[in-house]
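Order of writing sets the labels: A, B, C and D. Residues in every chain begin at 1.
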């Protein structure tokens, strides 16, 4: 029962802070609300038994990516920026499109049968543990894993190159 | 023995190649001797081949090499030795040799001497291939080859564009005929599966299966080829123009040998024509019309070579009359005698032109008798021979044609008598205007006048002798019996090679016809004599021509101009239309239009590419929703 | 294995030349050409001797589930086509020896790349591989024309050429895929079987797709408008490659793909194609008559001859196909010869307008003589290679329709008209101020012309080695149809 | 595990649908490129959530490994994307997408 409450709580936090991220006028607040959302999502991962992912999620998203966002916003001094003007027309359209998409997605889910989270026959509590995941990553997914590091390297090079001052 | 025949065309070919590639450093005398001696060697071998055939050797096919293979179509490059080809070999190499010798004198001062001799050698080579080929395809090799040599030799003096135009005209008109020949070959192959003479004719079975209509089409198509080569209506216009070439060329190619290729081909295909009434009638009428046309035009021409050219056209027409009437050996007979006397006449005229320093207009000649005795005498013999006076060569062959016409078709008979009369008249007109009367040229020309060198006169003498006795190879029954000689020798000789007509003419009729022919010829000669010798009438200058008939004839019935209007100009105009409108506007317009249409459509759709990110995402999400909903 | 070698050598050498730079690019290219020729002779020897036939084939699966494989095999027809390519390659390379242009290593590298691709198309026995090679050859020639052309508007001309031929090929792809639906394999034998199993009506449509693709490339009226402009814009070596070899891929495709795959479609619904090809002869001849520039005349005369070729091949009998094979070889040689002549004239006169010339024969009789032989080859005179091909084509076409034979046969007359007109205008008459100083041929030009003239004459006098090489293959091909 | 007897995969799916819809709405609604970027991250997270839920359901690690790689890509993307935005801002002094509309004909 407890986990149920936690689920509802975390979901509420995630949705609410996501909305806050969108509607906040100050970009810094947006970033902060998004961090909250990420924490909530990390909580969900815990609930689902994916401890490793939860940890990585917090480290990567909250720790690295969002800091990067904050950093950029500070550097560009975006918090002083005036909020762009939007016509009612755009607002309505975007609300309509996003809403319909959400509704359609929910409707799709609704139409599927109930899927139990835990199938007792195959249940394995160790699934999301670091040890287990590490074995999988370094055995079955060794090549993609290494490729991912190459991707990172190239992203790094790219980022450094792009942010050079004299590149105009 | 037959294997030797391969050598016959090989000698001239070797001569040609040698002169073209290595002939630079040698003297004219050496080149001339070389070129002539290759033909002489060919002639000697031809004589050997001919004697074996005369002694009744079987026709033989001598294979040289594999040539064309395509499925069921297989043609070797091989030679057919039979009476027809061996007699052709004989007179081609014989007359060819004489003309080569003559050319060494005639062309001696020309800068292109060695080139000329080389071309002549090449021509003889192709002519020999033409008559030796054992299939239509091999024959076609020679057929086209002589066409090219004719092209090169007509345009020999290439600096003058008029010569080049004449050469081009000859080649193109010949090509029209060749197309007919190709179509004929194609049809023949489609219905018999072979183009070899011995499959088609000697074994004899293959052509009987051709349906009648197709046989007619084949016959006419092949005859179109012959029309081109042998200058028959309506493809005759190139031959008079071809006189632009040096005179030995006119003698060898445009009188004695090449132009008779059409007769050779029809005679070779005699089995095809023998039972083909329609095609044969076409040949007869084309032949007699050409003959009349040529003879009448020749009446008014003033260029010594043009007269002879139209005379050739006319004589060729007569040969076709004989072919069309089924007297194939008679046509061959006339080919041979005609080769003798027409070559003689051309060479004689060449001698005259040589002496006159290049002048060809008979209105500027006259009285050459005393300056050029040998030329005069031999020319006279040639004139008598062509006019058909007993017992010169032309008499017998022409008389046979007239006799056949008498048997087959009385209208043609009468027309052929008219042709004979005209022939005798214009030839003697030419003779009298050239050799009798007063000299009408300039003083320099008169001063320059001289008899030609030995190398030119000796061939004249030999040909004159042949023109006298050449007719005896085909003595008619009546005469032969009377004189105790072998009559119709040629017919007997050729009976294995060509279809023989079934003629049943009494000796009386035969004699009567001979008398008629002689009377016609003699009275015509007498008329010419009375006008041009006795009264001394001269040919009109261009501006003096009054009667419309005279103008019509002098301008050759305006056929060239008519062709120009109905063929050349429309072709040019259509091509122009293609080039100016159809290609750039219509066809390329469509192609470019496709491009422009694509571009225009793209122009419309690119409006959507506004650059606004929000819009893109909006459309994207709408699309996503649509996809989800449709699932 | 030899087939693989034939493709690999130019491919490898192209790479080597790219890498090694401009220094000795042309020599390397020429050596490659000669080596290719030797390999071809070796292959012909293997085929003729009949021993070790496995040397001539190569088969390795590429995309197994889709039935695509690297399959190459050399039969008589392919060998003749390869021979055409490798005979002309050294000639073409040598013909550009006295010219200097930017980045020769790129130029020759592209040329060898194109050669590799064309040999691939001529030797492959996989439908999709044919398509790939067929298309790939476009890329090098596109750049060769674009970069080394001096013509005005070359970008536009090359783009049109590229797009047009590519557009045409799409029809072929559609047809190929349609047949593939039934065969589930791109191996030619499977495609043949599947194609023949289609109804005649279907075959007619599939044929239409193929024919449009090939008609654009050959080119056949009215799909030809890219060609004269492209020839005119292309550097001479490029035009030689294009006219001499590349266009033959299309006519080869007719023999290799269309005839055995869609015999009924061609026979029953293919009349329009034969009519177009025959009209092409007339139309292009007409166009050739009005041309004032020699290069354009070559272009249109090429269309006219290829019209006969197309019609003859489509008639679908042994004579037509044999004639086609022979004519492809001969037309390649003669066209390259004409381009060499053009090059010689252009290098001296710096234009190719025929009416402004005249009397060159007087100044340079040797050149005129050699040119004359090539002209005679072009008008299909017996004893030149042109005759054997054209005669067999007409012989074959006649079995389909006599009327078309007469129309297509007019090339005999009209060809003589335009070729002799141009020869007369340029060579004969008296020399004028422009032509008076027509320089004598240098050693390279002489060698080139003599080689070409020798090929024309030898193949004309003794075509048997070629014809007997391809004849068994042609008969096998035809047996597969009936 | 009694823990979850009332929470099904469907719950998680609905949750991620809501988050995804919010992200999409945000991308449309805002014009600040940085905020749009963050919305994209949100959408990625929504997807990750479903993957983890399914991984739990099938008891298979592949889903989680997938999430791991998505994170890797996301991090790389952010690094490069933000660098691009920095450069754009330096040159144009804005991150408004309405101004950044030069990528057209």
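The working rule: a contact is a pair of C-beta atoms (placed from the backbone, for glycine too) under 8 Å apart; a residue touches a chain by one contact, two chains touch by 3 or more.
Being a predicted model, the structure only gives us computed values, none of them experimental.
Chemist: B-D versus A-B: which interface comes out with more C-beta contact pairs?
Modeler: Counting C-beta pairs in contact, B-D comes out ahead.
Chemist: How many Å are there between the centre of chain B and the centre of chain D, using C-alpha atoms for each centre?
Modeler: Centres of chain B and chain D (C-alpha means) sit 92 Å apart.
Chemist: Give, as an integer number of Å, the spacing between the C-alpha centres of chain B and chain A.
Modeler: Inter-chain centre distance comes to 97 Å.
Chemist: Taking each chain's centre as its mean C-alpha position, how far apart are chain A and chain C in Å?
Modeler: Inter-chain centre distance comes to 62 Å.
Chemist: Please tell me the distance, in whole Å, between the geometric centres of chain C and chain D computed from their C-alpha atoms.
Modeler: Taking the average C-alpha coordinate of chain C and of chain D, the gap between them is 57 Å.
Chemist: Give the residues of chain D touching no fewer than two other chains, as numbers and ranges.
Modeler: 24, 28, 31, 98
Chemist: Listing for chain B: what residues touch at least two other chains?
Modeler: Touching at least two other chains: 614, 618, 621.
Chemist: Which positions in chain C are in touch with at least two other chains?
Modeler: none
Chemist: Output every touching chain pair, sorted by label.
Modeler: A-B, A-D, B-C, B-D
Chemist: Quick check: in the complex, which residue numbers of chain A touch chain B?
Modeler: Counting only chain A, the residues touching chain B are 90, 93-94, 97-98, 100-101, 104-105, 108.
Chemist: Any idea which chain D residues touch chain A in the complex?
Modeler: Residues in contact with chain A: 1, 3-4, 6-15, 17-26, 28-32, 34-35, 37-39, 41-42, 45, 48-49, 52-53, 55-61, 64-65, 67-69, 71-80, 82-87, 89-91, 95-96, 98.
Chemist: Going by the contact rule set out above, which residues of chain B touch chain C in the complex?
Modeler: Chain B residues touching chain C: 65-73, 137, 140-141, 143-145, 148, 151, 155, 158-161, 164-165, 168, 171-172, 175-176, 178-179, 182-183, 185-187, 189-190, 217, 571-572, 574-576, 578-579, 582-583, 587-588, 590-592, 595.
Chemist: Tell me, which parts of chain D touch chain B in their complex?
Modeler: 24, 27-28, 31, 36, 97-98, 100-105
Chemist: For chain B, which residues are in contact with chain A within the complex?
Modeler: Chain B reaches chain A through residues 614, 618, 621-622, 624-625, 628-629, 631.
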